[in-house]
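Here the structure is laid out as structure tokens; the discussion comes afterwards.
Naming follows writing order (A, B, C, D, E and F), and every chain is counted from residue 1.
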């Protein structure tokens, strides 16, 4: 099989949602599962980090971050001028695609393991790093492009952004907090401290990820309906943009001398679109954007595309373009 | 001990409920546990199925289904004419007893394993098959027997059943959806794909079943109170009917050449009464029936009876009547 | 490291709470985790009990209980006359410190295991025994000290306590019910019956304890804010009282001939302050007491103090004062 | 800018939620709000700890004639289900 | 067919729920509805993330004299607990 | 002893909760109650099964002028967010 069987749980959720089944996963369970996934990924990464020298990560991080920012920078004008979307929507969607999806990353890791590719656990550092900058960039794009009554747009509009509040949401938003917090705890605990909590945070990971995918399928089903009315352009964007981003990822990985496994993961990170941190942040910071568009594209199209087609394709890219 | 220690969790819940303890399991956890149990059972069955030829199941399924339909057909007249219940209540209760209880099945499997009896994982296919037909039969019985103002009862009343909606509830109700969905995913994943999710869906099964039993005890406690006012007949029915059904199960199993373990499981399935799918379906499809009666009988009497007495008895029957 | 890495989860929760992060653990998950911890601890203890003769516990239990009652008896006058708190608040806080904290006990056990000290699983019997008597004593103190309009205080006020209701809350409150229920189930199940549920109730324990500590950090953060206004005396009390209680524990343990590990656990039990059973019981039985004071002291100061400083100190005391 | 409306609040068994919403669709009612609750009435205690014992509160802001028609549409449920329908006056401010 | 009633809504700490219901029993009030909530008042923020900081909203439809007696019965709680009791007019439609 | 008040009920997207409470702080409103709900309105179905599709109901008891100012303070949110604000009469009994 080309994809890991756990993605079938997503299909089951999707089917349940589309068939208007009475299956409902309580909101409290959704919250708990997402807290668990973020913590577990952070912890795992922290434990891995404790085995490696940190210095090499510092240099590559800057490159990974800079290359990652290309995605919203490319996405915005395409959405705005090719797709003729309003500038708020273009900025919000660009931000979603510049940010990353924790679950897509997790499924990629599971697929690598199933196919016996090696990868480094510290890749999760890039996951944490990439989540927020694109969101800030999205807010900046939204403000620079805006023309409010009597207020000038352009760069001077940046002064109107509440930087303090944005910074707070960046660093103390739950996803960054749990990822970084998990990383630090894992780093401090090390392999020995991790062992007694591993039955929950490591062994149970894939099963709980499966349950989360079931839930994501249910949520995506409701998004697909809302999304249908918005035409073919956005569907096309939600499929082509990840492929473009993945290529940027592979090129960056090659430049940095990553292994094949790490390259596939970086491509997946770039290709994935956020649906935990980004929707919430954009809803507050760029309220003029229609969330049905951005969540519909990222969760209704890109997320399943990555699960079923994207990840295998990015692994193929890595195999072809990265020296083994 | 004659029963598996996990049934003690049911007793603890019952005690907590009857003593008006402040112990409460949040509704979200109840929902999550039932989703988990259904999925886990389906998955396990699917993995087992992937090891066997499907063909032999097809022939026996028809027999198991037909024999199972005897239960509501026997139950209805007994309830109506011996117990003098209204025909809506008779139909609804008959449907509950024709359907099956996932948790009773799970406890039977756990007991078999503890006593080192073998059984086949594909028995879960019968669990999925038996859940719904009795509910449909119950609705049919309710409609055929009814005499509404100016409307004829009898077979012509069947035309008034909303077959489309009923079929939808049958196939997309959450319990069937999760059982069948789990079966298919397990079948596709096979032993190898099941392994990484096994810590959640297999190793944790019995512990989580214990927690679910605790919750069922709490719920049953509230039902027992509501039920006390309804007299001895229904209590008798809730104990004798399962024994009759179990005999039907043993006979059917013998006819089909089942092993002792499988025979005990089929007897348990027949003897068990539904309290997940049936109450919800009957409440919508036969609203005239009093849910306190059917849920009181199935959850307040039959469920604990099966846990503590029924399962060991059915195993004894299988040992005596099925060639080893 | 001097403390077990899982206490870092508490710090993470505290940080999230103090930084006003949007991280929230749903109330349903909090409830489920606390039910799980109580049951798991009870079960473990019951299994251990089934290996030992019960008789020796009976004699030592009376001593442990009597010595434990010294804590509220010492605490009340200190709070009332040194700290000049109202007598309702003094009684309520004394009750919190006389009772015990399940999570502090669990962290102590984890720390013992990590540092390869041995201890006996039946220590959990003392945990269950010590939870309630101090609460009753607290209510008695509150009533004896009160002077209501036209009503005499003093010992005659005891007649006004609703003993029946209090007794009900003592024995059927969820924490006692789950601890004792778990103990009995574990005792009946024994090692063999415990095995199939051990993946949930044993292997997952420390990981789920970590999640609970995360939640406790969030809750403690909200308490710290409420607590700041109440001055230095209570902070001092919340640090010194546990140390005094721990000394009583070590002395009692030495008198009873406990091992070093058991002595450290008894000291921890005495030193810990309740925040599950006590706040709820006191809120109902002594409504005149301000819960911000008692919960602020026990959860905002004593709980983290014990986690980071107390437990290592009590282990040091045990090592020094108990023959190895 | 405030408009006078009626608030109809429906307390009923959780299983009724989809049926009540189907009634809204028939009457052309778009907006409604649902929340979970528990309670007690002539049908006994509904403790809310599993789906069959849970209640929901469904609130609808609408004009008087619609509220009358809604009441009529709900009458058939009244016989067999736990149901309480109340109406009060509200101003809608936006 | 609509009858004039009073709706009494009680916002209070979750631990009070059983005590308030005991009050109903004393007054012979059968029907009530409870839902979970969080909030802020003179007793500070009640964030609802654990039982000791959770609130409940308890709603009772009753006649005017019963609502007066209920208010009286709740007065003793007012001193020591977070509590807000409000009353409004409703028509009961079934 | 009963005082006439206004009850303002705000139905809105869950992400708005902190912003609405900030509005309260600006207006000096101390007390409020929040509960979780789901619903449907002109912005479509909000099923409540994850945070982005959840609604909250925020209730405030206040006097008439405050309720007017509150309404004004909420107006900016009305354009971009799902929001319904209603007002009714209540007596506060304690």
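By definition in this document, contacts are C-beta pairs under 8 Å (C-beta built on N, C-alpha and C of every residue); 3 or more make two chains touch, one makes a residue touch a chain.
If you're wondering where the values come from, they're calculated on a predicted model, not measured in any experiment.
Steps from subunit C to subunit E, taking the shortest chain of touch contacts, total 1. Ranking every chain by how far its Cα centroid lies from the centroid of subunit A, the top place goes to E. Of all the chains, the one whose CA centre sits at the greatest distance from that of subunit C is D.
Each chain gets a centre from the mean of its Cα atoms; for subunit A and subunit B, those two points are 42 Å apart.
Here the spacing of subunit E and subunit F, counted between their Cα centres, is 20 Å. Subunit A and subunit E have Cα centroids lying 45 Å from one another. For subunit E, the set of residues touching two or more other chains reads 35-36, 88-89. Shown for subunit C are the residues in touch with two or more other chains, namely 24-28, 31, 199, 204, 280. All chain pairs that touch, listed by label, are A-B, A-C, A-F, B-C, B-D, C-E, D-E, D-F, E-F. Within the complex formed with subunit F, the residues of subunit A that make contact are 24-27, 30-31, 215, 218-219, 222, 226, 279-280, 283-284, 287-288, 291-292, 295. Those residues of subunit C that touch subunit B in the shared complex are 26-28, 31-32, 35-36, 39, 168-169, 172-174, 177-178, 181, 184-185, 188-189, 193, 196-201, 204, 280. Against subunit C, in their complex, subunit E makes its touches with residues 13, 15, 19, 36, 44-45, 47-54, 77, 80-81.
Taken in their complex, subunit C has these residues touching subunit A: 1, 4-6, 8-9, 12, 15-16, 19-29, 110, 113-114, 199, 203-204, 206-208, 210-211, 214.
Contact residues on subunit F toward subunit E in their complex (touch as defined above): 2, 5, 7, 30-35, 61, 88-94.
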